[in-house]
Amino acid sequence: MTELWQQILSGLGTGFIYASLALAICLVFQGTGAVNFAQGVMATASAYLAWSLVSNGMDFWLALVLVLAASFVLGALIERVFIRPVEGSSPLVMLTVTVALLIGLQAVVALIWGDDPQQLGSPFGGGSVEVLGARLTAQQLGAAAVVLVTLLLAGAFFRFTTLGLRMRAAAQNPASARLLSIDVGRMLALGWGLAATVGAVAGVIFAPTLGVSPAMMDSSLLLALAAATLGGFESRVGAVVGGLVLGVAANLASRYIPGIGSDLQLVVPFAVIFLVLLLRPQGLFGRASSVRA
Amino acid sequence: MTLLQLTGVRAAYDGVQALHGMDLAVTEGEMVALLGANGAGKTTTLRAVSGTVSVEGAVLLDGQDVTGWAAHRVARLGVGHVPEGRGTFVDLTVEENLTLGALARAKRLRGQVKEDLAAVHELFPILREFSRRQAGALSGGQQQMLAIARAILGRPRLLLVDEPSLGLAPMVTTEILRSLRVLQAEWQLAVLLAEQNARRALAVVDRAYVLESGRVVASGSAAELRENTAVQDAYLGAEQTGRPA
Amino acid sequence: MTAARTPAVVEPPAERDSEPTVSTSHALPPAPRVGLRTAWWTAALAVVLLLAALAPASVISDFQFFQLNRVITFAIAIGGLNLLLGWAGTISAGHGALFGIGAYTTAILVADHGVPWPLAVLASLLVGLLVGALLGLPALRLGGMNLGLITLAIALLLPPLLTRLDWLTGGPFGKTTPRVEAPPGLPFSSPQWLFLVNLVVLAVVFWLLSNMLRGRMGRALDAAASSRVMAAAHAVPTNRITVAVFAISAAVAALAGALFHLTTRTSTPDSFTFLLSISLIAGAVVGGSRSFVGAIIGAAFVVFVPESLGGFVEPAAAGQWQQVVYAAALLLVIYFFPRGLAGLVRQARNRLVRRRSIHARSQEAQS
């Protein structure tokens, strides 16, 4: 029983990585209609940036703040430069652009920082904490807490601020938004910036566990895509919940299903998705499309 | 004083010309109708003003040349547009839709949002009742009201309204147009109204332009046009008996 | 498909290069006329390449034939993928895996069971059809983007599975098969012979596919893609067709994978990663996802562009610079030719045809 609880909690821990990347993917998709395959490698770049700063003696938290700011700018810039020219194109064209970004950015990261994996020390120390009978490392707990706060902040931003409302409006009906003097282009860039920031939080705060390497986010990206599918691309809450569910499911599967192991633990989340989509094609949280436009 | 002036405005969709040199003007506080059959160019004219279609010629707003401006910049000058098809944010609540309208107003009018919202709720009580509902869950007519309410909450100086009668009962349309008149006096609002139903439009506006194939073919005061049977027969005939399907 | 041949009602040909089109009750929009023209182009290309195959080794080396073989096999797979991207309005992020399944099927049959390679290739096709049908089944409920993301699963799971099932697949070292030699008496080296084989398969597959798309299937797909509601109104069994198309597309990918294995001779789990799947998508978009000529162009892009940089940079970073250039090229093509490079070819040819007809007309006028 304790064992099960332990597995659930640590699955939840990794689930936060998927959840934040999935939220980022969702933000970008809602704004520009692009499934951003580069979301993971953008977070990787952020992690490397943090690693550079910290290994040059900077305090972890200060580095985190700087990196988040830089990631925001980078994300917005990517939208302005690379996505703007194809704004409003078919999903396929969008997807190809983000694939190109994935390929290009991954290479750039490797060119700047090299292929060798690097280590970033945990800002939470090496201790461990007992939570209701399960033992979690301080890193696991701290990272989850930081991501949770980030997700809540992002949610509050969209729910309660006028800028958040404007961004939702621009994402949902750009033509109408313009008529209400909303600069849609700027909102889309902001959306990408915000997505990059959310992804960066996950990339940096989980870097001590994942290790810093050009491929560090590869499998997380795919699980995040799966999570977004599970939650419905239209739903931010859905993406987050989807990420957490997948984290737990993958962890439990690799522990309890004989022969699955860590290399095939992806089977289970995908089986889950498969079932969910068969029952609810719009995803767990997606609406069955608004009929009246 | 002239608020809006179009001179030789031409517009095309994918190379197909929709406006062939439009000339028209709207004075401050005036209510003007654009009449004409389906496809005459009413919608495109409104779009030319709000910057949602690219144009040649000159669009002057309060003396300022806004030709080729991005739509959101034109909107910031105080142009509200209730587009064809309403354009409500269906996944947002009624309240959020209205908030977005209020956010579009000029800074100096920000303090008055509360009173204005109350006025709008008075005009359209249903919007208060349904304020927490998703806009997409409203009926077509209710969404039309929401679209108009949202636009006027922006306190525009010029309000472009595209066929509000679509989806609304005739009585309601007349009611809404009358309400616009009231607001117009209080808020110094000029209205440019695109409408197929000439009779109904001419009952409320000051002046009207009659469009055909992207050109102005007649214009005059509402009274003149009501009397002018030649124009009515030539361009507005079908509308007298009701709209074609 | 047979219907296209029976001139039930002969209409005046709208375009000169088309056969009399059949006009059964035209409830659905007519299928686009890409098929025939494309088949023509493919045939012409085939002849040129056939001549190339006969060229002595001093002109085209065996390595170059090896590269061309990669291009052709990718082109076949992309052509299959185009069925989904260009016609069915859905996407597969798992065609690289289907390609891999085809490759491994052939590899295993040839290496471990002594099956002659032509039969093994055929078996790959059938396995692809089967896997495709199974994967396509959820399309009955899903369709669109969701189906695409489901296919992510096999793209991700195939490499670890191939590693894991070592009793079958040879684990991380994969399977190696002997060289495919030309039949005795024919003066071809192995890559040359494979080149011819691949070319024939490419021509046959594309011919079959474009025929299929010109028939009822194409019209139904167009109707389904343009409006699900409308398709339903015309009683087009959208979902069943989507499943069928997915299965066919998968079979084509597996077939291409089988041929790819014959060319490379060794298949390992990391030959068929997710990156291959997205490369195929990229190739389809770059070429133009509604064109079979586009599939060839896209395949050439995917094979050659990343390698074109070989000598220019220090070897250590060469791979990365290749990636950067590849990404940049991909972006440039998308920005300037959002409908793919095949559109460019079409334009050039149209201009040529127009000039020729103007020329002809002016000559008529003179006589």
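We just call them A, B and C in the order they show up, numbering each chain from 1.
Quick note on the criterion: a contact is a pair of C-beta atoms (placed from the backbone, for glycine too) under 8 Å apart; a residue touches a chain by one contact, two chains touch by 3 or more.
By chain, UniProt protein names: A = Amino acid/amide ABC transporter membrane protein 1 (HAAT family); B = Amino acid/amide ABC transporter ATP-binding protein 2 (HAAT family); C = Amino acid/amide ABC transporter membrane protein 2 (HAAT family).
Quick caveat, the model's predicted, so the values are computed rather than measured.
Shared contact partners of subunit A and subunit B are absent.
Remark: the per-chain Cα centre closest to the mean position of all protein Cα atoms belongs to A. With centres taken as mean Cα positions, subunit B sits 43 Å from subunit A.
Between subunit B and subunit C the centroid-to-centroid distance comes to 51 Å (mean Cα coordinates, whole Å).
Rounded to a whole number, the gap between the C-alpha centres of subunit A and subunit C is 33 angstrom.
Within the complex, the subunit B residues that touch subunit A are 50, 52, 70-73, 75-76, 80-81, 83, 85, 87-92, 96, 99-101, 103-104, 134, 136-138, 140, 143, 150-151, 154.
The touching residues of subunit C, counted against subunit A in their complex, run 85, 91, 138, 141-143, 145-146, 149-150, 152-153, 156-157, 160-161, 163-164, 274, 278, 281-282, 285-286, 289, 317, 319-324, 326-328, 330-331, 334-335, 338. Residues of subunit A touching subunit B in their complex: 162, 165-166, 168-169, 172-173, 175-184, 287, 290-293. Contact residues on subunit A toward subunit C in their complex (touch as defined above): 35, 37, 82, 85-86, 89, 91-93, 95-97, 99-108, 110-111, 219, 222, 225-226, 229, 233, 263-264, 266-267, 270, 273-274, 277-278, 281.
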